[in-house]
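Look for chain A in each of the two complexes below; its partner is chain B in the first and chain C in the second.
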Partner chain A sequence: MTDKDTGTGLLEQAPAPSQPPLRAGRRFEFKNLGEVLALVGLIAVFTALNPATFLTPENLRTILDHASLPLIIGVGATLVILTGSIDLSVEGVMGAAGMTFVLMTANSRGSADLGPWAIVAALAVGVGLGMLSGLVHTRLKVPSFIVTLGVWFVGLGIATVLFGDQSIPFLPDGGIKAWPSTLTFGVPNAFLLAAAFVLAGMFVARFTRLGRFAYAIGDSEEISKGNGIPVLRYKLYVFVVAGFCSAAAGVLAALELGAGSATVGVGTLFLTIAAVVIGGTSLGGGKGGILRTAVGVLMLTALNNGLILSGVSPNIQSAVSGTVLIAAVLVATWPHRSRLRIVK
Partner chain B sequence: MSKKALLEQPATVPAAADGKARPARRAPQNLWFTVGPFAVFLALFALVAVLRPAFLTGGGMAILAVQAATILLVALGQAMVLHVGSIDLSNAAIVIFAAIVLAQTLGPIGPAAPVVTLAVVTLIGAVNGFLVAFGQIPSFALTLGTLGILQAASLVISNATTVYATANGQLLAPLFGTAFAGLPLAFWVGVLMAVGLWAFLRFTRAGEGMTAVGLNETGALFSGLRTRWFKVMAFALSGLLAGVAGILVIAQAGAASSFGLGSDLLLPGIAAAIVGGTAITGGITNPVNIVFGALTVALVPIGAAAVGVTPQAQSLVYGLVIIAAVALTMGRGHTEVVK
Partner chain C sequence: MSNASLAPRTGVDTPALKLTNVSKSFGSTHAVKNVSLEVPRHEVVGLIGENGAGKSTLLKILTGLYQPDSGIIETDGRPVKFRKPQDAVAAGIGVVHQEQSLLSNLSVAENIAMNALSSKDAATRYGFYRWKQLNQEAAAILARVGSTIDPRTKVSDLSFVDRQMVEIARALRVDEAIHAAPLVILDEPTSVLERNEAAILEREIRALRDIGSVLFVSHRLDEVLRICDRVVVMRHGEVVADVRRGEVTEEELFRLMIGQESRARVRKGGSATGAVAAVEAKGLGRKGHFQDVSFAVSPGRSLAIVGAMGSGRESVCRALFGTEPFDSGTLEVAGSTVQGWSMRRAVRQGLAYIPSERKVEGMVGGLSAAENLTLVHPREAARGPILRRKARLKAAEEWFERLDVRPRDPKLPLGRFSGGNQQKVVMAKWLRAEELSVLILDHPLRGLDPGASQTVNDQIRAAQEDGAAVILLPDTLEEALEMADEILVMRDGEITARFDLAVESPTSLDLLEKMV
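Moving on to the complex of A and B:
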């Protein structure tokens, strides 16, 4: 702004007094740093426990690699939770999209080779399933958790049907299969893709109608409706975005696995929802953000990684996410407890 | 404290002038509530019988009852939780956990093993309920967390392998070994539980209290009911019934693993409860009808195969059935905002 100053000062001065305090208040409030401090604390603890292994470039790359799937899904999941709904269909959509992608690209079964169109087809599957969730939820007024529970298994079913009873379809070595783990600027490509999703998600949440309406709807659906927001339409859009994100994660997961599998997404649902909640997004809707979810994902991934490095069995991973989810929800809702509050 | 009074009371607290409109709104639901599940089962059964006559002559009913038995128990537990307006996503994981605990304790402590198993899982269910009711956490989020913990617990105590119940297997053998009226004893255990739960909901103070909580929690609270404890009770019942289902798994397969028999009971359980006429909004449950719900859900894969759907599509069919069943049976009159 300063180098474009033309000398009059009038045009620049008008927005100047009102904007900086507002921005500063939104971004640098100290209590919002709690999650970041927790992440730093976690890293410090595990570095102290495993001085030789935790804070090495290789291990940091592993953490970023593991964080990329939940980061991508977290973008969609956060938007859905911001509107006050929930998307449980993540693992099913990942399976369906991943299988679609593997079967449509060059693979050991030789079913088809559509090149980049395979990715488009896989994303279309995700968008379709997201639209199914959204339409049933908004038009037939079925609670979102039950619709997306159904769509979870619909997605799994599609993936299983695509898998059929033939041999496992493997991706050929090299080429596209190597892409997610290839390093660019010292960081795995998978994480760069995830970072792009997070940045895009933050942009959408902050600067577009979709994002602003998602916050408004989550805060109060009646007031949003009263103010002329097409609530049902925007809820549908949010589910479509979530389906798109899950599908992108499914394609990435299939690439990392190097083969087609219906259960490619197993375990990601816990991790993502736990990350969203621990990041500080309220399950009731209206409060939170995508950057918060990203911090939550990094916390959980670092926690799981650090525990495994410290010699804890990988079998307990889902328990770690589960416990963190319960603890985070408990802590987040504890101040709102009241005798007459109804929670289903 | 009659049922009538309890049903009226909560409903009239927020909308006192609602009295006239109610009978008209309730009538079709009552019809579905009483005969719907049975009619659906009969229709599907007739379809299968026509397309696959061998199903009737080849002892198909007994096979169906074997498959329906575990689904029925999980569904009854789920229905109790749905009855108070919550949902239990962890109860299929409890089945596996119970089966693994039982498989490991059956040898050392013999007849006491099922009792210990049931006590443990009832406690797990009660803890779920306690956290939901007193922590005021949404039940789907809490039970999703418990699901993760239970999965890990199952992996850890089974060392991520299959656990075989080696000794004392004869204790559980009669459950599937003996038949009564052509159907295995295990199925009749489920039916007995269903009748028991029906009586519980209908004739006991706690059962009516749970109904009141499901129909209108605010109303129940203002009427001085201990709504939180009724929720704990519902979740404890869900844990207990999942434990019984775990016993059936061991009786049937003699072994349990984290990915073995019973690991995909969550959706069939919810589907059976809903097809059996349970309202996910709470307060409307007929456990006896859930018997038909479970039979229908167990018949779905057989029926789907009869009309030419591949067995791989089973979870696809279950997913669609649950969405369709909820969409068709949900009462929308009083739901202003659906989340």
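Moving on to the complex of A and C:
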């Protein structure tokens, strides 16, 4: 605030700036760089440990390939977490959507072949389950933690019923099954799809009402309401988006697996939530972003990949991942620990 | 509002806001009684009154949160009815609330435009933001109030005075929708500000006169007299004075606000019953909150600490009880200096604390009244780790009888009792303690009806007679004059006066002079 007191005790009318004082470029803040530095450090460490294997094009492709699913899910998960809720239904939605997709496209069981409509149907299943989560959470006022935990198993149930007691539905070799791992510009298609999701997600978070209101709601639902934001409606939208992302990931996972399976998503929930948090999005809502989640996903995938290459026993890998998650949360919340008087 | 689309009448004499005989009562209490007032265009009108004078109720009526029982509200000469906050906004009334109402993780521009963003507006198209336009609009509005904050700054990076400027800018944004001169209501906007920040804000408020009118609510009388063209004084829900600046002095405003002065009666008996103070603070301080606070309270005596908002007296009490730290000075309890003071130790030493935020800090609404009653000292109603329901109920019934808690069913969840009865249970929770040595009460009568207030005050006196030292943060000065043996006055974290009521009998005016 500039001081306009001229010393006469009277208020001088401030000359209205003809041009708003716009600063050039985005603000660059060093503190926002921590996660990127950690990723670079991780890559440096593993390159030093495995000079011949880690930083090769093949291995980088493997990392990007493995990062695809959590990146896609991470977009929806970040939006949900930004509002201060959480979506645990990821694996169930993936199972239901993946199974829907396999059974509606050309498969060994020959149940149906709707061509591209199979993808639409699978996405619709995800949107439907997301809407279910959102509606129960906002209208019946059930904590999102519980609702989505339930929807997780509803999704698994749907997938199991669809699977039935017949033979495993396999996708035919070649064709769409090969699409995710096909290289375009030297990068697997699966990762390109994931990158498209991330870019779209970043756009939503920065340039749309949905994204901005998600931040607002996460900051304070009360104040958001007072500002006229239809809080419940936007929370519902966010869950629908998350369901959509999970379903897309389910289709991709089914393609990569080449068969229908209810448990196609096993293990992705932990990886995604961990990536969101490690990236620096606060579980309390309001702070963070989708690019951060992307960095978090790359960190965790590089970590897992590097541990394997370094010969660390797979038996202790999950313990390492868990430790990294807790350490990351600790580091992220350390400066604010005095304010976190009650942690639930 | 159905008539928002009509062109506003812009006659010079038409006041921006006019109230005629507006009343609102809750049950048998008249919160606002036949209030008539005018806010002319291009004028800053001050609204003052004590706690409970009806200011907040009046504001809630003006912002559409309450509907008046009777009376007429006119804006720009047209009668209006505000059924919801949006109606008030549509009529060109913007409010800067006492509490911050900005979303701290969004940018200044977003906050200024928020009301518009959440409805259909040019700033968004099909749900997509147009940042450039948003930032330019915000910069233009900020320039109107003479502020040069970068609209892209995150609100959490702003100082408090800048946040207030953003709030004011947003209140002005409201009017552009209908192109009338806006009315900005400022509800104690300086209470969170430092002195020099408040001075900046003052200048900006005076400048608002050029573009609209202002209703300025405050309890700092010097400030009101500096900023406002006219001052409206409320007392007991009624307007008791409507005066122009220059026609009154600060003292006269005091008197109008308080009504007749009340004077403390001189206390009987000596000044102290015990040689050792139950609690003694020596030069207690906490950076940014309070400093050099010294006092001693002997068993059976009571001390009231009075002060305006921001005086730091709440922090002092919390420090005594170990819920807030202090970083200088010493605290002695029963004659010995405390080390590593915490709430747990305080309770063990027989300190009790009745918080002002009863619903948040003082009770567990979902548990039964009986369970609440035995929360602090569960041992008497338990055998080892096992709680004994019967013993608990018996204890509860006893206290329900003694404090006349209604309904007389300690098994009901405490959240379902009325405020007064909740407070009685919260009191009983502490009074049960056999070793009660210091009773700290933070606004114990807030929101209570006269009957419940009487019971609470009786219990405070009874605890005092049983040898407890009482430290009271009263709601009103009358309460302090009635209940206390000694009164401390605090301002901006420091003690500005002390009165021993055994030897002197100050009036409420004497206290107020040291408060502001």
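Please note the rule applied: the second predicted complex is superposed on the first by the 309 of 344 C-alpha atoms of A that agree within 3 Å, B and C clash if a C-alpha of one lies under 4 Å from a C-alpha of the other, contacts with A are read in each partner's own complex, and residues count from 1 in each chain.
Everything below uses one rule, namely that contacts are C-beta pairs under 8 Å (C-beta built on N, C-alpha and C of every residue); 3 or more make two chains touch, one makes a residue touch a chain.
Quick caveat: nothing in here was measured; it's all calculated off a predicted structure.
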item: Partner chain in contact with A:330 - chain B first, chain C second, else both or neither; value: first
item: Which of chain B and chain C A:277 touches, first, second, both or neither; value: first
item: Chain A residues touched by each partner, larger count belonging to chain B or chain C; value: B
item: Chain B versus chain C as contact partner of A:144, first or second or both or neither; value: first
item: Chain B versus chain C as contact partner of A:215, first or second or both or neither; value: second
item: First, second, both or neither for A:228, with chain B first and chain C second; value: second
item: Chain B versus chain C as contact partner of A:315, first or second or both or neither; value: first
item: Residues on chain A lying within both footprints (that of chain B and that of chain C); value: none
item: Parts of chain A lying in touch with chain B, wherever the complex brings them together; value: 84-86, 88, 92, 136-137, 140-147, 149-158, 160-161, 163-165, 221-222, 269-270, 273-274, 277, 283, 285, 313, 315-323, 325-326, 329-330, 333-334, 336-337, 339-344
item: Contact footprint of chain A on chain B as seen in their complex; value: 85-87, 89, 131-132, 135-142, 144-149, 151-153, 155-156, 160, 217-218, 221, 267, 270, 280, 282, 310, 312-320, 322-323, 326-327, 330, 332, 335-339
item: Complex contact set, residues of chain A against chain C; value: 1-5, 11, 13-14, 16-17, 20-23, 206-210, 212-213, 215-216, 218-220, 223-224, 226-230, 286-287
item: Residue numbers on chain C that touch chain A, as the complex places them; value: 85-86, 101-106, 110-111, 114-115, 117-119, 124, 127-129, 131, 135-136, 138-140, 143-144, 146-152, 159, 161-162, 165, 200, 203, 206-207, 210
